[in-house]
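Structures given as structure tokens follow.
You will see two complexes here that share subunit A, one where it goes with subunit B and one where it goes with subunit C.
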Partner chain A sequence: MLAKLKPVLFVLAAAALAYPLMPFSNDYLLHVVTLVLVYMVLAMGLNILPGFCGLLDLGFVGFYGIGAYTSGLLTIHYGMSFWVIVPLACLNGALWGVLLGVPTLRLVGDYFAIVTFGFAELVVLFLTNEIWLTRGPLGLPGIEPVSFDFTWLNPDWYFELIGEVPYFYLAVAMVAFVWLVMRRIEDSRLGRAWFAIREDTLAAASCGVNILRYKVIAFAISAGIGALGGAFYARWSLFLSPDMFKFWESFLVLCMVVLGGLGNIAGALVGAVVLIVLGEGLREILPILGLAPETRFLAYGLIMVLIMRFKPAGFFPAIATASARNPLIKDLKKRLAGYASGEKSGTAA
Partner chain B sequence: MEPLLKVENVTKRFGGLMALAEVSFEVRPGEILGLIGPNGAGKTTMFNCIAGVYKPTSGDITFAGKDGVVRTNGLKPEKMTGLGIARTFQNIRLFGALSVLDNVRVARHCRTSSNFFGAVLRTRSQKEEEKAIIEESMRWLEFVGLAKHALDNATSLAYGNQRRLEIARALATGPKLIMLDEPAAGMNPRETRRLVDLIHAILDAGVTVVLIEHDMKLVMHICQRLAVLDHGVLIAEGVPEAVRADPQVIEAYLGRGAAHA
Partner chain C sequence: MFEQQLVNGLTLGVIYALIAVGYTMVYGVIELINFAHGEVYMLGAFFCVTFITALGMPFYVAIVAAMLCCALLGILLDVVAYRPLRNAPRLAALITAIGMSIFLQNLAMIIWGSRAKPFAQEAVPAYLAETALEWSGVHLTWLQIFILGVALVMMLGLYLIINKTRIGTAMRALAQNKTAAALMGINVNFVISFTFALGSAMGAVAGVLVAVYYNTLYPTMGYVAGVKAFASAVLGGIGSVPGAMVGGVVLGVAEALGAGYVSSLYRDGVAYAVLIAVIIFRPSGILGRAVVDKA
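== the complex of A and B ==
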């Protein structure tokens, strides 16, 4: 089925990439699409924990917030380039992931979920109350937009990214990068160790997987990707405030991952598209119906109930799908096909 | 001969319950040792102590691994696997959502080393390692006769084959000792016969076998030596013929008085 859809998807992707350059392109629409792309990054990042490792993380937005404020503060105080800030923000996110993960990842199930929830609340409280650093509820205005500085090549080559179009392409590049990283991890020793932990922790340990270490690695990578999304968001929205990183955001990203199918990277992308487009759509439609825009949260809740009732595994439940594309596995598949048609397998027993 | 695994005065308490009391026995390289006893005798607890799932309350477990004799009490399961002790589980514990091949590939984890950067950058050494992992995994799948199912989902296998897959996964960790927890449970006679052949093949591959089993015919047939547990106490150890005639063993299985009947 997917093979048949491939040309269609290809055309759609090409159209989406070309759209911003068209004279009829619309800034609002581009803004929404860029937001979708940011949430795609977040959903792929979160997917590592509940999807790959089976750890319920309710505090993902904490790392998103850490990334965003790292990016915002470094820009305002030190005027650093976006390209320097991105790796720093990712490392800062990963650092906090490790600091939180090492003591708490010994917990399992609901207990762990509560710890992560508490962490996200702590981040918001910190951002709200440490006014000397974050200006608290006033927020951080006046963050510089992303720029390319090639003045060392030619004094005239300084480009500032203004408007939605360049950010759209930047976000596309970011999604593509994270997608590639995730697909490669999924089909690797690291990814298999995570899936093993998710499927059966004891069996994974007796295969030689150091459970705590691999959970911490998962937490760090997930946090780093969350911070990447935050770093981009800060330089795109040019304003940050603590209430952008409330628990609700964690829940939204978790819904995207569950909706798409836990552990499926493509599913996380689809989940991001569906929930963000739905949210924006309802924001427009509900006032027409005479309802407050906030009632859209009811719709989110209803959708989650319906999904859990009718598609508990999400739209794309398959996991570890990347390895099917690995040339080594394709080669093995051919060998097995030859095997089945040829002589019966000679086995030891 | 130097024993491969030595269990000395191992006691395991769960609160007030004494699951194992001063149990001592040894496993010699190249043998099949049967660990038997009635239900609740502490056989699986013994396995878990050896495999690092539980830490013995007291006593010593030593294993003659690659780096000489090591005292292994309290080492974590992944460490024990690294030292060369692999195990299967009484209730099958496969990675259900993964393919048959992936189940075995996970087991190569402890013998491979590529990390996050290797995975993302797809370095040459990572690619070569992946290739070797697939080759080795397929070798063990062929060994247990599941090669043609390699890309199927693990849960789609028939029951007997799921047991064989667990054995393949354990073997793929490159062990010196494999511990099988009731490998024949729920198998039909044909599957059991194939299992006996498989266990002999494992031995021929240079891996020592310890098994827990309730199928007495199987145990008497394939084990060189038996150790019998009852209520956490080792009541007999020796060749099957001697153990079968031991009055204490008969009593444990059939009740007091049966030995004299």
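== the complex of A and C ==
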């Protein structure tokens, strides 16, 4: 089925890439699409922990916030270029990921989730209260947009990215980059170690996987990608405030990952599209019904409950799709199904 | 100053303890962090105010009615959301709990509006606002005495239910080994629902007490209170009811002293810091059993 869809997908992707250059392109739509792209990066970053390693991270937005404020503050105080800031922000995010990761990764399950949650809340409190650094609840306005500075080649070559169109392409490039990295990691030694940890930590350890080391790497990469999303967001929205990094954002990103199917990279992308489009739609519809736009989270909460109840593996379960493609596993499954149906009465337990 | 902070912290602490008991009982029985418990607490306050303003109930009657409603809500939560996931991975149950929490919070926003409201002060007996004791600069209002008294009575009642009744024995049996308890003829689902009802009723009382104490209630009040109560439960040792009581009081006092002497800006930060520190350094808490594996 996927093979048949491929040409259609290529045409759609080409159309989406060409759209902003068309005369009828719409700034609001482009803004929403860019937002979707930012959340795609976040969803792919978060996917590493609950999806690949089986660790529920409720504090992902903390790293997003760290990345965004690193980017914003370095821009305002030092006027650094976006291209220098991005690696710095990623490193700062990853550093905090490791700092949080090393003591907490011995924990599993609920306790791990709670500590990450507490961490993200502390980040928000820090951003709100350390007014000397972050201006607190007033937010951080007046961040410079992204620019290309080639004045060392030619004094006239200084380009500032203004409007939605260049940011759209920048975000597309960012998503493509992160997607490529994720795909490569998924099939590497690193990715397999993560899957092993997720499926059975004890068995992985006895096969010589250094659990703590791989978990810390997972945490660092996840945090770094979160910070990358934040760094871009800061230079795109040009305004930051601590409210943007509340727990609900973490939950929203988690929703995307779960909706698409934990551990499935493409699923995370679809989840980002569905939930952001739904959110924007509800933001338009709810005021008409006389409700505050914030109540759209009601829909998110309900969606999560229903998915967990009826489709706990999400809409594109990673393992199922991978195995469905493999003829050997197909055959094995068929035989097992035959075996199970024959023996059902005997082994029901 | 110090004594006043101590009194304020104690008042706050017993309220945290009332909420924390709900978390810890549910965790003890089905090992689920019931994120929606904070919302039950919030709804307790809203139910109470609605009963007073819409139905004209007297204050004390409205508290009991709010308790009953929240107990029903707790049962509903268990039956609708958690029971179908009893054998699912724990991640699924945890995510469902967060989903229910967000759902209930936004439902309250739709029903009552998102702005903070004052408590129906005209229904609250006037003597509660008066100072009961004053000694060397420390004020103790009747309301604080009322809060401490109610909390004490409820804790005592809970202790008796858990330790002296048949259903309490069943709850403790379930916490130790669900399969064995079922084999002994305990109706597992009924006992779990009862646990939810009991915890939710305690949470509702806490919600009313806080709303009266601060004279305000708003749909997001369950979030921070829920986190703090959960921190209390973890501090005391999750799964341990006396632990939750001790943890709540310790956290309340620590917070009041921290806000008074260190920095009031990080008032909420105390709870998070306690939560993280306890989980990392002593996951079994003050009174908890040793944690083997929480995967």
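Heads up, the rule we're going with is that the second predicted complex is superposed on the first by the 317 of 349 C-alpha atoms of A that agree within 3 Å, B and C clash if a C-alpha of one lies under 4 Å from a C-alpha of the other, contacts with A are read in each partner's own complex, and residues count from 1 in each chain.
Note that contacts are C-beta pairs under 8 Å (C-beta built on N, C-alpha and C of every residue); 3 or more make two chains touch, one makes a residue touch a chain.
Bear in mind that the values here come from a model prediction, so they are computed numbers and not experimental data.
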{"item": "Which superposed partner A:Asp110 touches (first subunit B, second subunit C, both, neither)", "value": "second"}
{"item": "First (subunit B), second (subunit C), both or neither touched by A:Leu125", "value": "second"}
{"item": "First (subunit B), second (subunit C), both or neither touched by A:Leu29", "value": "neither"}
{"item": "Which superposed partner A:Ile76 touches (first subunit B, second subunit C, both, neither)", "value": "neither"}
{"item": "Which superposed partner A:Ala204 touches (first subunit B, second subunit C, both, neither)", "value": "first"}
{"item": "First (subunit B), second (subunit C), both or neither touched by A:Ala266", "value": "neither"}
{"item": "A:Leu161 touches, of subunit B and subunit C: first, second, both or neither?", "value": "neither"}
{"item": "Common interface residues of subunit A - those touching subunit B in one complex and subunit C in the other", "value": "none"}
{"item": "Complex contacts: residues of subunit A adjacent to subunit C", "value": "50, 54, 56, 58, 103-104, 107-111, 113-115, 118-119, 121-122, 125, 129, 201, 247-248, 251, 254, 258, 262, 291-292, 294-295, 297-298, 300-305, 308-309, 312"}
{"item": "Residues of subunit B touching subunit A in the complex", "value": "51, 53, 76-78, 80-82, 86-87, 89, 93-99, 101-102, 105-112, 114-116, 118-120, 122, 126, 129-131, 133-134, 138, 142-145, 147-148, 150-151, 169-170, 173, 194-195, 197-198, 201"}
{"item": "For the subunit C and subunit A complex, residues of the former touching the latter", "value": "31, 33, 81, 84-85, 88-96, 98-107, 109-110, 114, 223, 227, 230, 234, 263, 265-266, 268-269, 272-273, 275-276, 279-280, 283, 291, 293-295"}
{"item": "Subunit A to subunit B touching residues, read off their complex", "value": "181, 184-185, 188-193, 195-196, 198-200, 202-211, 217, 221, 263, 319-320, 323, 326, 328-329, 332-333, 336, 339-340, 345, 347-349"}
